[in-house]
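Labels run A, B and C following the written order; every chain starts at residue 1.
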Amino acid sequence: MWQRETFKKIKQIPREEHVLPGTALCAGCGGLEALRLAAKVLGDHVVYVNAAGCFTMLAAYPYTSFKGSWLYTTMGSAPAGAQGVRDALDVLIAKGKLPKSEDVKVVVLGGDGSTYDMALSSTSGALHRKLDFYYICYDNEAYGNTGMQLSPATPYAARTATSPCSVQHPAATAQEKKNIFEIWRAHRPPYIATVAPRYPLDLEEKFARAAAFTGPKMFLALSACPTGWVYDPGETPEVAKLAVETGLWPLKEAINGVVTHTYIPKRKPVEAYLKLQGRFRHLFEPTVHTDAIRHIQERVDAYWQQVTKEQA
Amino acid sequence: MDSQMMTGNLAAAWGARLADVDYIPAFPITPQTEIVEALAKWCARGEVAARFVSMDSEHSMMTAAGAAEVAGARVFTATSSQGLLHAFEVLYSISGWRAPLVLVNVSRALAAPITLESDHNDVLAARDAGFLQIHAETCQEVLDSILMAYRIAEDERIMLPVIVNLDGFTLSFTREPVSLPDPEMVRRFLPPFRPSHLGFTASSAQALGVAVIGGTSYAYFRHQVHLAARNALEVHGEAAESFHALFGRRYDLVEGYRLEDADDVLVMTNAGASKGKAAVDAARTQGKRVGLLRLRVIRPWPAEAIRQALRGRRGVAVLDQNLAPGQGGILYQEVAACLYHEPARPRALCSFIGGLGGQNLSAGEFHAIVEQTAEAGVAGSGLGPVLLYSAEEHREMTQLQMLAGGHA
Amino acid sequence: MVAVRFHGRGGQGAKTASRILGTAAFLSGYVAQDSPIYGAERRGAPVAAFTRFGREPIRERGAITHPDVVVVADASLLEDPGARVLEGARAQTVLFVNSSLSPDALRAHLSLPEQVMTRDVTGIALQQLGQREAISALLGAVAARLVGLEWEPVRQAITRELEDLAVAPPVIEKNLTVAKQCYDSVEPTGLHKGGGQVISAAALHNPIYEPPTKGTARISAAGNSVLRETGGWRTFRPVLVAGKCNGCWLCFVYCPDGVIAMNQDDRPVVDYAHCKGCQICVHECPTHALVAEREQEGGEAWTAK
């Protein structure tokens, strides 16, 4: 049974803020929720290496929200940027050009578009080279910064601007969400975790645990997106919680490839989650797409049956 | 100073080694491979105190290179052709970050059709990327230009990256004697890298490469890149003086060959200029007063030096080893532009396109170029773009087409 | 040519309002043009959109610098320097503000043009549509009436533009009903077109090289985003009801922007200069100690479920 060791109570979450307000991100941004909590563990001695995405706006001239450093790279190569920064710091420290006390952690920030698509080769390279860095993917399941187009992280039956309902696919998106967790895991980095900011202690604990490992520390953060998923930002608590409670977003970690689920939901019907969001409204109005909803439910059920079997 | 036989590629590797670089991200591509192979070996043996990292693509390679540079390391990397284009967007990032790394490009023609030998469409595609560009004619110049490149790039008045270009095969794989500068003297020429605007440390955070909103900020920063590049005209001169004083070799923005009394002038770049010089010598033996102007620094564009060299000439032929389809020669356009306001501009400015994809330029073709340029100069009318293609090449191509079509 | 500039916050429908006006003018037989400004802006952040129409070909593009009419979807924008609501407005520019306050009440602390009109469009939307955002149809209708367009093309324009956004037919019907109310609630104004302005050569600055510490797109003032206030994004503000808070920290933990701090007594202190009004804290609060109140307009408190 997985247990938290560092973060047992909510009041252990550090009071200090490391990502400051005044950002241009949407009110109620789930990605920012995750980043803010992560930064409470990562601290300020950090350089964030950013890929093109919504977070690009966190440092827009002349303002930055970070007390730590920041480098915007490209959409397809933030992990390579992290490689360059990490290597440079190592070399400068080894040559005595930089005191060890000046070292900083290197943290990649990438949305799901960058992570699942364009930067996959660059990420694979960094994993293969066992780069000592953190990778945080803020996954809002579409190309969000450009206005919610289909990405490989978009779940089956979600409607996006480029996967509308059609005669061939009345349930909108026909593809299944790419399993980036398993793609990462195939590289055997020391630490991978999925997190959801609605489970803050689970999130904080995972960042604290990751700190013990040298090498790639990979995080996939559920980033509920009021703008793109089409719900009132105030509804975030319900939406983001149901993603986990339905079993659609499993909370887990993989240490050197060994997977542990860190929270076992009682698994509410997926319908409860889908119904709250405009991106799934076509599944319920004007007619109910029973097949599509059943398909989603069956996929979740199959996933958790497999988990139970492996645990047994 | 000891001299030894080495290829252009090895000379490039020596340039990085003598510059005492900190970091070398690499990705192999023909005809650049020998550069990264040599550096990998030297780093492994501890002969170069740099970290060598094999990257997953040129796009990643250039990103890592730029990111390491902005973190405060002196960075060297090398690529060619498709690799340069694969990394293209990153070039603009690096100049925008004002990261003064040095990139060696071994020129190779671009696909399709895919090929291996040289022309300059690769490096000239990057002419607006905010990198300075130095194009070398000899293996010695490759090495020397890399040292000069770091000195210029890291100057506070510049802080821009530099591409040092050499031709694939005709320089990259060609051995000739190269004198290795003394490392101690190189240290005197090239001070340690201490950028005031770069670095990520625990005690001083900064955000780099940030987004800007609106054209006011964007235009300001782009203007700064331009002004920095223009400063390089002066800084190059200082570096050239200092290099000459220490090592006895002199490199200017442009090189004139037998220009003094020349009526007509060939304008060329890179290793092909050696053959151009031979053509000049051949023409001189026939009593023709011909000279050659080799453009060495392409960015910043040495407009004044070009004007001075071409002022009052009769005929000028720009021999472009590149082709902008639908337009013609890239360098021809730039030479023409900077002569527009020159009252004593050449009577004729001719454009020749040759040497694409390693295409041979024969002495006979040079002879034809010299003749046609002289005629155009006398007539006072321009010429071209002339697509150089010999009758022999045409016959060979016809044969190949028959084979390809199954009609042989 | 008539030039109408819309100011709103991302999500309020300023862009759609400008399109409704553009389409309505087009359907009325005018030459029309509409465009939004796309910045880095997000839901809640200031945005602008532009509609031009006239009898002659339109020779302008991009932002409207000298508007005949300015439509403001959110009164808080008047005081947001980043929104530049009054930029280029002349004495004769007509200003419409979505506000429950009277023009005189607005004038009490703001310098405004002569012709100012206010209507509580958000109040109408809340009451009749049950939502606080997406007031595009209402604003479009008001703007169309102000510039003297007939209702029928406006009705068609609203239908087209909302259909284009995949709004469900019953919702469009409701919008049309409320939009007609808004349309009827204002009168066409006499528009004074800007006469031929005398343009003189601009003073040009010759850019000079500056050291890379200054001349590079870099920010060394870490964490300076706090200088940019985002409190104006709110329609509703979270307010602490005295005596109900049990000090559980949930509001502090879940606030995406980190604008809630816990004081020594474990009570939340909201940084209203930056709170964007997402209402997550209000929904999370297990004791209903945080409630949402309509921003600055003094209306009824809107208690979260």
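What we mean here is this: a residue touches a chain if its C-beta (ideal position, glycine included) is under 8 Å from a C-beta of that chain, and two chains touch if they have at least 3 such contacts.
Quantities reported herein were computed from a predicted structural model and do not represent experimental measurements.
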| item | value |
| --- | --- |
| Farthest chain (mean CA position) relative to chain C | B |
| Middle chain, criterion being Cα centroid separation | A |
| Rounded Å distance between chain B and chain C, as computed from the means of their C-alpha atoms | 53 |
| Inter-centroid spacing, chain B versus chain A (mean Cα positions, whole Å) | 43 |
| Separation of mean Cα positions, chain C and chain A [Å, integer] | 31 |
| Per-residue multi-chain contacts in chain C, two or more chains | 40, 217, 219, 222 |
| Multi-chain contact residues (two or more partners), chain A | 56-57, 59-61, 64, 66-70 |
| Of all residues in chain B, the ones touching two or more other chains | 205-213, 217 |
| Chain B contact footprint on chain A (complex, rising order) | 44-45, 47, 49, 56-57, 59-61, 64, 66-74, 76-85, 87-92, 95, 97-98, 101-104, 121-122, 124-125, 128-129 |
| Residues on chain C engaged by chain B in the complex (per definition of touch) | 39-40, 207-213, 215-220, 222 |
| Footprint of chain C on chain B - complex, ascending | 96-98, 156-157, 159, 195-197, 204-214, 217, 220-221, 223-224, 227-228, 231 |
| Touching residues on chain A, where the partner in the complex is chain C | 10-11, 13, 15, 17, 19-30, 32-33, 36-37, 56-70, 197-198, 200, 226-227, 232-238, 285 |
| Chain C - residues contacting chain A, complex | 10-11, 40-45, 168, 217, 219, 221-230, 233, 248-250, 252-254, 256-259, 261-262, 271, 274, 276-280, 282-284, 292, 304 |
